[in-house]
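A, B and C are the chain letters, set down in written order, and residue numbers restart from 1 in every chain.
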Amino acid sequence: MTAILALERVGKSFGGLTALSDISFSVEAGEIVGVIGPNGAGKTTLFNVITAVFPPTEGSVVFDGEALGGLPSHAIARRGIGRTFQNIRLFPAMTVEENVMVGRHCRTRAGVWRGVLRTRGEREEERGTRARTRDLLDLVGLSGADPGQAAGSLPYGHQRRLEIARALASEPRLLLLDEPAAGMNDSETEEMFRLIRRVRELGVTILLIEHDMSLVMKACDRLVVFNFGRKIAEGTPLAIREDPGVVEAYLGFQEGNGDA
Amino acid sequence: MEWINPYHLQVASFVLINVLLGVSIYVTLSTGQLSLGNAGFMSIGAYTAALLATNFQVPIPLGIAAGGLLAGAAGVLVGIPSLRLSGVYLAIATLGFGEVVRAVAINWESLTGGAVGIAGIPQMGRVILARSRDLGLSPESLGMRPNQFISLLVFLILLAASTLVVAFFLRLARSRVGRAYAAIRLDERAAESAGIPVTYYKVLAFSQGAMVSGLAGALFAHSTSFISPADFTYHRAVEILIFAVFGGSGHILGPVFGAALLTTLPEALRTVSHYRYILYGVLVVLMMIFRPQGIVDPPLLRRLRPGRTGGAA
Amino acid sequence: MFLEQLINGVTLGSIYAIVALGYTLVFGVLDIINMAHGEIFMFGAFVGMLLVTKAGVPLPAAFLGAVVVTGAMGFLLERFALRPLRGRAGASNLASLISTIGVSILLENLAHRLFGAGNHLFETPFAEIRLPVGPVTVQLVQALILLISLLLMAGLSLWLSRTRGGKALRATAEDLTTAGLLGIDTDRMITATVVIASAMGGVAGVLVGMAFNYINNQIGLSMGLKGLAIIIFGGMGSVYGAMAGGLILGLSETFVVAYGSSGYRDAIAFVIIIAVLLVRPQGLFGQAAPGAGR
């Protein structure tokens, strides 16, 4: 196995405020790695640094053997890193189908003229995009939804899955999921678990931020634990559960606060 | 052929030029960017076409194309630095750009005729009339007076141009590029993360808008045969904005509707036209409060055309 | 000659600075550009003109009148064109920008209906008084303009840094939501900001009348455009940037007219905008470059 993603001493500060410091870990191809830690530990910042929403101030992010330094977000998506957002960011006024089609953007080519003249190549490409979109909607369990309905009018749980379909449309090799099961009940969380496994079976490596511990323990091969912008532990779910430092810093905290 | 009224055709021609201008601001707005410099781009198109025709006897269609292209190129130059920043910067930078263009037009007297402007620009209708007389075809043989013939020709050329432009952007909206525009307008960061090069498309949309403004300006120059810096002031830019704000900026038919209504209404209601701009001001504020997407929006269009679904958001 | 031009430039620049401060205060707190600020400034000038030239009241009363009228206009602007848009889902800061453009169209044409399109004389009783200061002569009017603008700028700086109200305003500018959580009545702070900014515009209007001796219904537009150029140059929302930017623009315009071509005077501001966007997009005193995604 080779590392598909490697973080080397990554740090990020905003002005004087350090959000991440000295983060190093790697993700092997085909793994599901969970990123856990209390709120404000820097998990979402980690995703934003990997996808260059905020480029790191120190260290480097290496994807598939190449450093991503200096690349803009869209180029990173093109390289093969897809993501979802903690507070769903769909295009609410566009249809369900169009949302996924937007995700195909970096894998399709038709420009202004071919789009306006509707050349044969363009029509073929659009057909391919639509077919692919249908498959992805099936995969995430939205085959029952009206593809022409506005994405913003979907129920919450469906919006989460639509966002995953959009991310998958760009054919990522690494998918970053930011709290995909947030706000879901037990049966919805169970379905999300199965979806994550299905996505992995397609050969997509997954980095997962999640607060639902039962989901994390069940779904992930390995966990990386963050606290105050630093990595405090790394290992299998079993080892992490036993780690006294982690229990003190995070798990105990979590139980004391009820469900998060 | 008495029913052909040159005055009505002239008003209709102004409507069509304003339709093109409304479309020009819509194209930029369709990526969520506000341009207040379309009067400047319009004047680049108008002066380019006028100067090529009067100084170098360049054929009119060629001059019009050159006007549009040069305005589009200027759009790229203005767009690249300001589009890296938030939308407010583009609005102000384009506003400033329009004023710089006007200052140049007023001060570079040897080229632009200064504040007086350029007269004697070949008028499309008259040029075609002369050509057809040479070919032995006279308006009289069609039962028209020459001025009827001229205004009809101008109207038809403008109708063809604006139909083509509207069709172009209607199709674009339903293509891969159009989806990218819509995604950028709705959520830039999500669009970028989904793999859309946001800055590239913003510059593209902005320069397309500039090009349409330039085209409108060039057609304007060859319709009126006289242009001056007073035709391309900040007030013109604001008027263009009002077409889109009132008509709607979520679908291309919005600014088309806005331009058509707001150009004909003051002609029809002469008594109101004294207070026209005061009413415009109130209208803009009320639209922003109660219907920021404008009168025409995609849900309204869907209701008007039952049975047809789909289309771009 | 040079010294006199320098004084002219500083005088003009200090008026520009006050206009720009009006924009920057509102942008700092609300993150929006008040496109009607130029027209509010113009109404200040007209009120001052009516009071001084037509009613013959003393200058301080004219300032007071202009401040009251423009402050009230700021209040109405906030209440009817900005507040209804605030906090509404999907209302971007472009919506507020367009809404204030609507107000500016309304005010400009209202001024046209009320005062006509021509120039109006703005007579000050001491327009002709000149004071010899060392090698140069200074007009009393210029000295007065400079004094008033410096007092206004110093007062604003002190108010922002020393008083409770000023601190609350800065907190609101820093973060609207947090300020609200800390118990600051943000709606009131926003209203106060727009009113103060507009009243400063009113003062600047009277100063412009004093400086140029005439006004018309186009000064709102041209001064407004310059104010916008200055805040891009100085850095959006930066108080000191507005002051420095105003001075620099006033000086460069004066010297371009004195030693170059007067026709391009009004274009200098925009050449500055474009140059700044290319070289230093955050402006002279701006902090980090504002992100494209907000």
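To be clear about the criterion, a contact is a pair of C-beta atoms (placed from the backbone, for glycine too) under 8 Å apart; a residue touches a chain by one contact, two chains touch by 3 or more.
It should be emphasised that the depicted structure is a prediction, and the values quoted were computed from it without experimental measurement.
*Asks:* Specify the chain with the shortest distance from its C-alpha centroid to the centroid of every protein C-alpha atom present.
*Replies:* Given all protein C-alpha atoms shown, the central chain works out to be B.
*Asks:* May I ask which two chains are joined by the most contacting C-beta pairs?
*Replies:* B-C
*Asks:* State the chain with the largest centre-to-centre distance from chain A, centres being mean CA positions.
*Replies:* The chain lying farthest from chain A is C.
*Asks:* What's the distance between the Cα centroids of chain B and chain C, rounded to whole Å?
*Replies:* Computed value for the inter-centroid distance: 32 Å.
*Asks:* Return the distance between the CA-based centres of chain A and chain C, expressed in whole Å.
*Replies:* 47
*Asks:* Approximately how many whole Å separate the CA-defined centres of chain A and chain B?
*Replies:* A distance of 43 Å separates the two centres.
*Asks:* By residue number and range, which residues of chain C touch two or more other chains?
*Replies:* Residues 293 of chain C touch two or more partner chains.
*Asks:* Mind pulling the residue numbers of chain B that touch at least two other chains?
*Replies:* Counting only residues that touch two or more other chains, chain B contributes 189, 192, 198.
*Asks:* If a residue has to touch 2 or more other chains to count, which residues of chain A qualify?
*Replies:* Those would be 53.
*Asks:* Sort out for me which residues of chain B touch chain C in the complex.
*Replies:* Against chain C, chain B makes touches at 32, 34, 78, 81-89, 91-93, 95-97, 99-100, 103-104, 106-107, 188-189, 192, 198-199, 234, 238, 241, 245, 274-275, 277-278, 280-285, 287-289, 292.
*Asks:* Considering the complex alone, what residue numbers of chain C touch chain B?
*Replies:* By the definition above, chain C touches chain B via 32-33, 80-81, 84-85, 90-99, 101-110, 113, 221, 225, 228-229, 232, 236, 261, 263-264, 266-267, 269-271, 273-274, 277-278, 281, 289-294.
*Asks:* Residues of chain B touching chain A in their complex?
*Replies:* Its residues touching chain A are 168, 171-172, 175-180, 182-183, 186-187, 189-198, 204, 208, 250, 298, 309-310, 312-313.
*Asks:* State the interface residues of chain A toward chain B in the complex, per the touch definition above.
*Replies:* On the chain A side, the touching residues are 51, 53, 72-75, 77-78, 83, 85, 89-95, 98, 101-103, 105-108, 110-112, 114-116, 118, 122, 125-126, 129, 148, 150, 166-167, 169-170.
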